[in-house]
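What follows is a structure written as structure tokens; I'll ask about it next.
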């Protein structure tokens, strides 16, 4: 039976594994100062149309989030996020562990809006309060929704008005790139920092952090938090493999496509998916008995929360590795679990 | 030309790469809760004769150091280390970044002794001073030296007398296992925490932290510092491959053997190696002209420091991947650089 | 004209000043280890019927909050508070500066309830999330409301069910003691930590933190955060003066009495006070023109926020030092500002 | 019997107490934004010939040290100090608690020299190490010695060459002002931050931190660490009282004079004072029997450390409050304890 639990349930895209194998015995300098990282960073700068950008390769998303926030803000400053933001909910206080406060606003769909930013900004005005300095958004969001170019541009303008930085968590940027009108160039132009998530889209691990305006001291922050990989070139090799020929986008398209197939198949069975997601995470509401039936068959997925006494919202995630047949089987088995009446 | 710069200049041992490839499309839970990590942890518990030990897989040494110190000490407590200790010199204040102070004692050979611990302990007695709570040692040390079982036992007894924990940084534990009388069982019996360094002995990356007495909350510390790998099973797969059939020890023996060949060949040419090292790091003193000659030929190594106006101490490191021929070539070229008189 | 801005707008109660003057040239040990602090601590233990309690004297409330939370929780743990909680809103991230997260729940009246605690607790279950470890309440609350003994007992029981500590911020404990059914003994019996706020009720400065269960290492936490007063006996002298003969409670009764006189006088003029406060803070809603009129006369008070385009909520605070005449004058002038129609 | 334990064993200079009493019922704004603090800050700017300087009033020295270091350096930066530096030895890791590392150099007399700074600077060159960013000195030092203007100027020039800030801990600045050629103007011209210690020279408590180049955000740092006194004007009142008419300098001269009388009397009895101190701390070496004799009589002082089996180094501290007679009595009793042979 298949696991729709997460997009990091498997290893690496075959192309990535091949590149790691082929370069395995090359001798290089450590800590990301090697030709492989250099080449991958150059490639990213080209793809982002950001010739001056700094690119740093990190192992995971929480690491990328805490480092970016720590390096770009002062101790007494704060980050504004939707209440669903990954840094607020699922990182065990990693941002607070750097001494920074996260200020949250309820968001119906996981997206942050200019109005939300303003509602927080205006409450913080003097030295008895933290000073909002950054807005944090994820694309795709934690609920599968996606920002449009117009929306991200409006956030940028709002941040400029309030002297805020804009940081975009791109743990699932691949999925977003494959289903929105935002390009890598747009992200580089509209944010102060964002990352291209490799872990959830084809890499063994790795997030490529892009800082459109270079900062000489970011590597000090990295090392200080144990976030500098000794064999740093592993990250360069993987991102080069994913980005040099479109594999990254293809992988995300594959995942999104199967997610939409899931969505449509589920809806066709009469179930609701309350949050409209165009990306590789889908959140259907199913009767508890159906959920139990699927689990009993061996399917794996995240049981998010009880909607009412008899219904549960679950999360289904697809990836570059999901076979089409797994999706079809799931829909078939879901139909079988579904009461005919 | 060959690089003797570091033992993490290459990728992974072929056996590790093979295991990663073979398991690539298995679907598992994330974050180290998968069967692969479980199996590797069980194997380590057996090898350590420590059936109750906690085993946590981490990506790198600085991460392992900062987490262990943060999790096992209180905010106002301090760690005692030799002045050469990696946490003091080469981790950009990662321990201080957790709010803990490192108290250092000058050490002629990189080793900590009971007398050194006592000289620090007796200076810290009240609430106006940090409270020493842990001794930190590395094996092999940062200068290539190695603790004997008698020495580590004496440290343990000293720590017990002063109410201190004993933490052993095992970034190069493989090399130490291959050239001292200490076994994995000894480390588990004599320390409160130690790790088996994979990065420098055959893995792509990875340190297996062993906590002989289990701690229910260590995973909270890991996640909070961004140190929980999403595809955690990558670590389990690698450690299983290295440890299940003796590959780990074989790899270290190979590295040590070539290092001793370097040492003997260098000494035979009349050069001194002031620190006696039985492990895979050797520190010869060479005339500046010879150092320049070797660099000009394309050899790579760490130029540690000037001994006097005309001589420099360099570091040569071998690994599981170093070919015997590279060592012989180096010795031949060193002889050629050496003035015949 | 009078300032109703805050209850720390003046110096010390005359009895306190007298005690400081009389003891000025006594020589004592520093840092709170003197006979004056000893005596004050003993007195507090008697008043609290808590013979084993630790008592620590601190200079201010933010200091007391950050230290208590840091000392009583682990790095990955979190504190649950009402969204109005002082630690969340008015301490510039002092709790986050210790690495701890504050989890908030909207509260209509500034009080925390068992249901609110449970709504947060049940969302935090694994190592990807902070672990709620403490509930934080203030008495009186930031909006002037007051917990009853039944309410605090219910919170205690809820905390016990969920393995949480209960910490009570007593910056305005005097005012609460003077208008609720909770005694010092109740606070000691029902909480894991609380403090008796001196700064806002007669002292030059000072908060007496009571830890019903002693903790040997609290002084290390104090010193490490710069919170150990060199001439510590100043705190002991003040608390002894305030507590030994009921001055503390008398001072609070005076403040509360005048606040209620303000409340009744304001209501009699037809203005609303949306939050029902029995304590020394009152929050009337006044027409903007009236607010401007009072400010123009020279009255000082906090302008909290705009209720609508034409009305503003202000805060009036009384203290042990407020003269009855100041209150009568204010009511007279408020009446004069008030449009007769 | 008299206590020579510390210069904060008593309360406040009578002039300070008088000023506090006279202003006790003035109503002012809190948190240091009142006319009293304004006036004291203006006075300090005049005395320092630094019209643009920021002046912040803090309660104690550890607070001043940790805040200045946190506010003026970045997380990965480090502070260079003599191994005797107060921040290294006697503040329970308060600087490390802000995440900053203290790098120490052995100093024979408690002073830092350009050569010491350079020996540390040259060892720290890349992102695997903390980055030295500030030199920390105390005047008077922890051993009673005093910097001359030439010495401080040389430190300034060294700091400029290495891109370092210079921070001077002035917990005993009064004593230094009274026995060296450095003026307040010199301190403002030569350092990036220094403070005028009130606690040890006439105030109840208080350190006036001077930042010659203003920093808009320092008050955020203060509040975040619980270092903003609610009744902030208490600090302004005290510093105005001490500085407006020379009381501060007079108090220090009194203390220094009696310390020199102690020194000369002790030396006349044949005892050595290994560190030459012109200031209010003296460190004689006495036979253990003599030390015990003095303690038995009821004298109080700090027993610093055993010099050998039979001798102990003690510390004697005088203050503005020390009566001349107490010194004469001590010398008489010391003579009596001294074996005639």
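The chains carry the letters A, B, C and D, assigned in the order they are written, with residues numbered from 1 in each.
One rule holds in what follows: a contact is a pair of C-beta atoms (placed from the backbone, for glycine too) under 8 Å apart; a residue touches a chain by one contact, two chains touch by 3 or more.
Small disclaimer: the values here were computed from a predicted structure and weren't measured.
K.L.:
In terms of CA centroid distance, which chain is the most far removed from subunit A?
P.N.:
D
K.L.:
Taking each chain's centre as the mean of its CA atoms, how far is subunit B from subunit C in angstrom?
P.N.:
Between these chains, centre-to-centre, one finds 51 Å.
K.L.:
Distance-wise, how many Å sit between the C-alpha centres of subunit A and subunit C, to the nearest whole number?
P.N.:
Centre separation, subunit A to subunit C: 42 Å.
K.L.:
So how far apart, in whole Å, are subunit A and subunit B when each is placed at the average of its C-alpha atoms?
P.N.:
34
K.L.:
Show the residues in subunit A shared as contacts by 2 or more other chains, in ascending order.
P.N.:
Residue numbers touching two or more other chains: 75-76, 91-93, 97, 99, 127-128, 130, 220, 223-224, 228.
K.L.:
Based on which chains touch which, is the overall arrangement a line, ring, star, complete graph, or other?
P.N.:
complete
K.L.:
Show which residues of subunit A lie in contact with subunit D when the two form their complex.
P.N.:
31, 70, 74-76, 99, 127-128, 130-131, 217, 219-224, 228
K.L.:
In the complex of these two chains, what residues of subunit C are touching subunit A?
P.N.:
75-76, 78, 89-93, 96-102, 127-130
K.L.:
If you look only at subunit D, which of its residues touch subunit C in the complex?
P.N.:
Contact set of subunit D toward subunit C: 2-3, 5-6, 8-12, 14, 17, 20-21, 23-30, 59-67, 91-94, 97, 199-200, 204-205, 220, 223-231, 234, 300, 321.
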